[in-house]
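Here come two complexes built around subunit A, the first alongside subunit B, the second alongside subunit C.
Showing the complex of A and B:
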């Protein structure tokens, strides 16, 4: 193949990029990635790109419709909606990324451990515990647990746990079953592969094989799963904050902004609820498109179907 | 087969008991103590101690949980609220009926849209209808139902005036009135399921259509619609279990949708209970939700086995 490629006529940069995009999941995945990059950049660069202070109230500018000064209008306290959306991205992305990281670290370790001791008591213990955790409905428990502990920050020595930190840890633990099962399924199949047998014959320890050889080969379904979990986390954070049990005011998050807009839903102030919902939807669409594309790209059946 | 059903069911029972214990510990140990709620902040230590003895709160928490569980199984008693003095079970069953109606309506609506859409998308793979169904699926997965609900209220109720923006009319009062208040919430709730089920229907149908037995049937000259019916029956298997799973998830999201449309279902009980720090009721509502969710998971599991003969012989 490589010899052939040398002889092939030089392609333009554009067609090279197009072929690479096709390889990692197609144009819709690229669109998804673009949406995610734009929103992450906005969140990271919030102090520089946000036109106004997100918590500064201005009662002369209450409930103003979108204009050149305030592109997305102002809310009931005269705060600039666009600036609040940009700053709010930090809280929303923090919860969804944080939960996915916790769920992945725990889930992948447990999945690998269960696959390593497949068929034994450790395997059974891990997978049955995971099954039990999987029977916990995420949203209701998030609401009930945060509601019971209360949304006040918890101080643990030098660290202060904000309410959204509690939320992200809780969601992360409830993500554990999905990540464990994905890792377990793929790692168990990989363990049967010839290269693993070869490594065993070389005298490499089981633990090193799992981490050094099996894990890298499990990464693509894990990454796909993470993308979807981030999408779910965004919606859960928005829902819990909408109920008033997520990010606490006056700090902005997308869910709390929708909650603030709720009393105005029958009034003429459409921009209050429209823009926060639009931004949530676009971000979630971004992660779903990316995940879909990555999954298609990693799916061996794609070759068989010739799609 | 029977052994498998039994072992799955047994595991579900064990899960209910275990998860119920976690819930009990969370609500009883992290919430305010019932004594301080009922007696107020300036109760003396003796009064608190007497109160705890009277209500059995001085016993070890495991014993209290065992007691709670025994009453639940024997008398379907979910406990009595320390705040209102009412039976938590009454409150829960009233809300559950309303929530159940919403969830079932959303589910039926989703099935009615998703299955034809999924089949059509599979039959016309890569053509415009497939593209449209893909776009709808991505939107359905991504647009939060509660925002969709807010948009629907604005356009369907406020601008067009077709349907009420919220509220609830009991089914016993007026059937049409009840349905009119339920259409928008059921739509907002069902869109996510349309996405999940139609995608599953499509991929399952594609798998079946490319299978050898379908090719054989075609080659033998069976009419197209008959082949299609055979394929559909085979393709429904995985869809049924995904649908059962998504039924369980919908219960959770119904909570938020009820809030948007001011429907007096379980969400109202839960949020009122949280704001009144009524942990007996919080625990009761969450327990009922979890139980429903576990039952849906079990149903999905069993349907999967029943519809897929290859799984029947597999290990329990």
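Showing the complex of A and C:
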């Protein structure tokens, strides 16, 4: 037996990578994952990888096109665009990830609760509230609420809520319709499954069945939904910052950089809007590719053909 | 006949008296089960036979305390080991399920959660009902899997449901059902979804569990062969009522109720000439709304008279059986 084990071919690095790519759902998903990893690493390691201070102005180097010194050029205050993009990734990703976490926790809980009490008052209360939220587009909600409470930081005792924190929580709540509906739909279908009936016959309570049996079977569509929510969050953050209601200057974010570039959009300084736009697009595409790949990987029909 | 009368000495573990279950409908509240009496003794296997819609599955759900809204247990009592479960609170019912009485049904392919290994599903049930540690629960699970004839049970604990065949999954389900050592197992068409050789194995398994563990089994089926193979006593239901009950042997050799007789004629047999038509009972089972005051089988019965359509015959002792019929078949009829 041990001889056989010794002779078993060791898996090469190449086949390991191939299996990982298969796992996330193919090449396009792997490309998406790679994009996201690079951008997240850049954001995390900003102090070390950013070549310049993102808020340091240099008026002798205003509006310089891309060069060896400034790979993506400089803006109207002489700040290095690449450094600002790297630092700005922190704010943008924080808002989009944070909102996705809040939206997922709330949405999954409410969706499960509605599915548990399907057809009753709780179900109607939750799902109709969610319908009400969904009746106004997400972006308009965000602009209206932030516009009403204002973009200045709120101080709550020892905690100071920056505008981006408010935005994060707000978008999280605005994700409720999407997340709640996905969870509700999948959980309602799972609830009819025979294994749930079997669990009832085993004397397990409804609450435990929902959390212990139904939820694990709903996870794959939920995970797929999360990747799309992150992509939506990036766009909402950029859009809200673009109109001045998001991350407040001089702190950089991708949306504020686009806003700063607006006066130059018809001029020759293409790099001001091109690079922030490119990074936003690439990140959103990255999350969408990953989400598509995961959805495909989680498709049971595909699993039946594979391993 | 002499040895039959000795049977009732065993104290009935499950005793159903005058059970009535009703549902609202356009006809008003309709009784899907009426005045049902049923006993299952300690260590006894009782078969409950009837067509679809005869109320047999509903009866089993009532024993589990799971008659779903808008259905309602209107009348009668269901005593399990002396305790009437009709008035129990949802929490008491939940504690009872799986511990005192458990159930396997006909969908072994989908009745296990695909997301978890079977070991976890087994220990979960055990931990729900018994005050044991996780390690002890694992040992109980291994023992239960051994008892249902799964080889290398310790290794199989980590396997997922899709790694088992249909028959094996039914064994795993039976293992989960007996893991908490219930007194009564309700098996609702446990072999319907399985192929014939596997059916035979499951029947053997149920018989062995009854012998080794002293398990009482209420077997619900429309398969007369299965019931005659496995059961000591058989209850035939039609239209929510008991038509005939008696020992399996007696009932199959000498059915007294015309319906029992017709049910038997429907089973294909090797003794019949090859080209003969398979018998079928004319007409269709009544929907509960159509049942009138008389015998529910009267509209389809060749022996029916005016009395049958107007007055329900009581379940009366007739030889070795109890039969509810005004015009029972004579004892001499042999099949």
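Convention: the second predicted complex is superposed on the first by the 280 of 307 C-alpha atoms of A that agree within 3 Å, B and C clash if a C-alpha of one lies under 4 Å from a C-alpha of the other, contacts with A are read in each partner's own complex, and residues count from 1 in each chain.
Throughout what follows, a contact is a pair of C-beta atoms (placed from the backbone, for glycine too) under 8 Å apart; a residue touches a chain by one contact, two chains touch by 3 or more.
Here the structure is a predicted model, which means the values were calculated and not measured.
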Partners on subunit A (subunit B, subunit C) - clash or fit: fit
Which partner reaches more residues of subunit A (counting touched residues only), subunit B or subunit C: B
First (subunit B), second (subunit C), both or neither touched by A:285: first
Partner chain(s) touched by A:194 [first = subunit B, second = subunit C, both, neither]: second
Which superposed partner A:213 touches (first subunit B, second subunit C, both, neither): second
Touched partner set for A:204, first subunit B, second subunit C, both or neither: second
Shortest CA-CA distance in Å separating subunit B from subunit C in the superposed model: 18
Contacting residues of subunit B [partner subunit A, same complex]: 11-12, 14-15, 18-19, 23, 26-27, 30-31, 126, 138-139, 141-144, 146-147, 150-151, 153-154, 158, 165, 210, 248-249, 251-253, 255-256, 259-260, 270-271, 274, 279, 282, 285-286, 289-290, 293-294, 297
Partner subunit B, residues of subunit A touching it in the complex: 128, 131-132, 134-141, 143-145, 147-149, 231, 235, 238-239, 242-243, 245, 258, 261-262, 265-266, 270, 273-274, 276-277, 280-281, 284-285, 288-289, 292, 305, 307
Complex interface listing, subunit C residues touching subunit A: 64, 66, 94-99, 102-103, 105, 107, 110-116, 124-125, 128-129, 173, 176-177
Residues of subunit A defined as touching subunit C within the complex: 193-195, 197-205, 212-213, 216-217
